[in-house]
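Two complexes follow with subunit A in common, the first pairing it with subunit B and the second with subunit C.
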Partner chain A sequence: MQMATLSRWTLTYFACALVALMLALGMIALGYGYPADDLAAPRTLILVHLVSIGWLSTLMLGALFQFLPVLVGRDLVGAALAPMVLFAILAGLACLVCGFGSLEGWPGTSGEMLPVGGALLLAGFALAAGVLLATLLQGVDLNLPAGFIALALLSLLMTALLGETLASTLAGLVGGAFSVAMITDGLPLHASLGLGGWLTLAAIGVSYRLVSMFLVAPERTGPRPRIVLWLACVGLAGLCLAVAWLLLFNLVWWPLPTLSGLLALTAVAAYLADMVALYRTRRRASLELHMLAAIGAFAMLAIGAAALIAARWLDQDRLWAAALYILALGWLGGLGLSMLYKIVPFLTWLECFAPLMGRAPTPRVQDLVREDQSRWWFALYGAATLAGGVMLLTEQASLLRLAAGGQLVAVALVIHQLVRARKLANLPDPWRNHPRPTLLLPASRRKATS
Partner chain B sequence: MELEAGIRAALRDVIDPELGHNIIDLGMVYDIDVSTGGAVTVLMTTTARFCPASAFLTEAVTARAGSVSGVSRVDVQLTYDPPWSPDFMAPEIALRF
Partner chain C sequence: MTEALELDVRPILRNGGEPFGAIMGAVNSLRPGQALRLIATFRPEPLFTVMAAKGYDHQATPLEGGDWQVLFTPNVAGVEAGTSSPDNPDTWPDPTRYLDCLDMDPPEPMVQILSALQAMEEGEVLFALLGREPLFLFPELQARGHAWVGEFDAEATSYRLMVRAGTKA
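Moving on to the complex of A and B:
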């Protein structure tokens, strides 16, 4: 019988991701980037990549290293590569940030750091995609969520390739009409592939299984989830064709990404209908906090998608900024934070108490966290994120800083709860003195299976 | 029958960590077969296939069933045919769920 093992490096990925999120929110709270700077200014791009790579991509990869084996019933192929992937991504991100900084005149930096960072990121993401795709292809059960994750990984590779090309262009290594086309038309494709193809498709794939599991609801079957997958597949193909067109002819044939956008919006609507159906058919009457918080993230996806339509229609920077803020920090970030609130205690429970099952009384996973306190922090995060989006829309720079400050406080308090869960600090008396696990790395390499 | 009842009672001490109820009332134990000589085969499932907790659950079942007087050997087999469904829960658990 195939069973999944514990991913040794997942908690380290989560910790790095949360540090990047805190950094990004702190910088927004200090007034860094848009709207004080242009939407495509280096300072804004530093923020965008701290969120998209440092926070969201690191979080997603850490989660997939743990979750994909559970999904397909196969141990992670090349699990030992996980620390190398993390190092390449963090080093690449640091170089990229310094490269953008060089465009702002940061001392000790140079433009060449942009393509070096892009190459490191490409190497890290390619390694991660290789590990995950190899695991997926050797899986026992190639199900619908696995299909989404396969598409997401292909998008990740495309995003990283396009990103490296953009980085080389910004560094001046590529010139002529190609560089102009890359900056004007390549950037939206890079963002669409990263935010839509990679991060959103991975989140959709993971959530189809996890939401069903956590709500104890029957898995979604029938045509609708398959329609979502096919729409995503054709939409992604359209984006890839648009990239090929750009590389061949130095311009984007806009019907292609427009068609992809329409297909993506239809897919999002069908996906959200499936999530509503899961909540309605759940057997678990009272919602745990992470599933309550996830409702906010799904709502942010709907709001962000509507804002994207408005942004495409009116083509105003403030609309693009608000839509991307809501999608990155509300939908993807909100879902990520809510799932962390479940996954970290679950991994901690597995490490500390699973071996005692049947031999001694054990706490429940839910006993490791304090939902009564944490629900306020999740509420603050959701409200502050929505407020941040509205402030971007209305160009209220100082109120945006206040909203980001609220998000920062909320994230810090959620992190505090996660640390307490790792330290077993919330457990009732019988288990309070149980040996604690290390904060970031599982204590042993013990295989969690027979 | 008496030994099987004793094993079922012992397995009520094994709590699914996520759902917070014992595996008997959750309907995760499909069959308990007791052979002459006290050799026991437990056919069970888990709420999620390939879950990292699965091995710990089978170890717990082996330990609890093995602690029942008269049991000489325990073999735990995991199956996902049929997969676990909330419909398998005892009605009183389903009401409190």
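Moving on to the complex of A and C:
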């Protein structure tokens, strides 16, 4: 009989991810990157990778290490590799950032740090994908969420491979027509694979299960979720073919990624319809804060997708920037923050109170956080993110900084709540003096019971 | 012989509801020796196992329009309990506690199941109906020496769990 245990390193992943998010928001608030710099300028790329790797990918991997074993009913294969993966990713990101900095003339840095960082990231992500795919393949049957996650992991590998090629090109290790093609046409493919293939597909897969679980709604069955999966699959194949085309002929045959984009948009529409159906068929009448906040994230996915269509149509930098901002920080970031707000208290509750269940009264998971306060921070985050997107669209640089400042404050206050949850600081009197868990590393199961 | 009690769960099923609670309610209200006539929109295979564990034989007959009628009759010989062994669920006695956890938000099902087990004597059996496989519950059951078997129902919409209470700590 299979059982799930706590993933020891997940909270460390979450903490690193939140630090990267704070760093990125702080830099935007200080006016770093686009629109003061170009969309593909090194300073913008530093920000983009802090968000996509530091915040979103680290968050997603931490969540998958905990969640995937529950999803497939099997233990995580190679769970001991989790800290090595985290180290490789953080070291790789630091090298990558320094490498981009070298293009800006940062002292003590050199262009070679780009491919070194890319290689470290490739190693970290390959290790993570290996651990997660091996766990997936052990499952009895590949259920729908697991299918999405498998596709997402393949995209992650493609993204990292293409990223390493781009990094080598930027560092001047490869030249000629290939380098020109890579920098002009490889970049959008790299971004589509990362944001769309890896992060969005993983979020879709995880949310199919988590949303139905948290809303106590019947899982989505029937053709629609399968259509989403198949559209994603064919769309991804189109992107991969486009990458192969680029590598072989030094150019992108644009019908391929355009077709992928159309399939992806159809998939997103069908997925959102499924999410609406889950909310409609829920058995829980009142929505907890994390599921309310998730509605904002789903709305951001719709807005971001519409902005993406406009950007592809008109091909203006400000439209691309606004679409990516809304998708990365509103959809993926918003969903991530809202799920953290449930997952961190839930894991803390399990760690502290599982041995007491049935033997002594236990608090509710909701008692670990203060929803009445936090709902304002989530509202601030959502409003500020949307405002940030609008300011990018209207090229109001100083107001964008203000919006990012608002996001930064909101994230800091949500983190404060998560820390209080870990410290059991919000619990009512009977549990106020309950032994506290360590802030970042959960105690192992054996330690907890002995 | 007492007349069989009739329960038609088709309205519940057509509304997308879970009829398990209603069926168990009817079973618990049966007089000794009384049979239950159940009418459903499908052949309720998973229920046969549950009812067999409670000592009822079944006889299923298809009705017009794809509906089914099942007559559950008490099987006097079947309820004779031998020695119950934690490793062999076939030897477990009928459940004495039933929990419907379908509408509970995690981790409430775990809390309810473990609280119920805490009050049960060794060898007693609990039956719980859950919305999903309770993977975080299993380490706790194991740590406390309870034995369990579980499976999804035919439509994979609910998970049926039987737990045999272990020695009290």
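Observations on the model:
FYI, the second predicted complex is superposed on the first by the 444 of 450 C-alpha atoms of A that agree within 3 Å, B and C clash if a C-alpha of one lies under 4 Å from a C-alpha of the other, contacts with A are read in each partner's own complex, and residues count from 1 in each chain.
In this section, contacts are C-beta pairs under 8 Å (C-beta built on N, C-alpha and C of every residue); 3 or more make two chains touch, one makes a residue touch a chain.
This structure is a prediction, so every number in the text was calculated from the model and none was measured.
Superimposing the complexes on subunit A yields a three-chain arrangement in which subunit B and subunit C clash. Contact with neither subunit B nor subunit C is seen for A:321 once the two complexes are overlaid on the shared chain.
Applying the stated contact rule after C-alpha superposition, one finds that A:252 touches neither subunit B nor subunit C. Ranked by how many residues of subunit A each touches, subunit B and subunit C are led by B.
Once chain A of one complex is fitted onto chain A of the other, the partner contacts of A:120 are absent, as it touches neither subunit B nor subunit C. In the superposition on chain A, contact is made by A:365 with both subunit B and subunit C. Once the two complexes are laid over each other on the shared chain, residue contacts for A:355 go to subunit B and to subunit C alike. In the superposed model, A:285 makes contact with subunit B only, not with subunit C. In the superposition on chain A, A:216 makes contact with both subunit B and subunit C.
When the shared chain is aligned, no partner comes close enough to touch A:20: not subunit B, not subunit C. In the superposition on chain A, contact is made by A:346 with both subunit B and subunit C. In the superposition on the C-alpha atoms of chain A, the part of subunit A touched by subunit B in one complex and by subunit C in the other spans residues 1-5, 69-70, 73, 213, 216, 218, 283-284, 346, 349-350, 354-355, 357-359, 362, 365, 449. Contact residues on subunit B toward subunit A in their complex (touch as defined above): 13-15, 17-20, 47-64, 78, 85-86, 89, 94, 97. Across the complex, subunit A meets subunit B through its residues 1-6, 69-73, 140-141, 213, 216, 218, 283-285, 346, 349-350, 353-355, 357-359, 362, 364-366, 447-450. The residues of subunit A lying in touch with subunit C in their complex are 1-5, 69-70, 73, 213-214, 216, 218-219, 283-284, 346, 349-350, 354-355, 357-359, 362, 365, 445, 449. Contacts from subunit C toward subunit A in the complex involve residues 102-107, 110-111, 113-118, 131-133, 135-136, 138-140, 142-143, 148, 150, 157.
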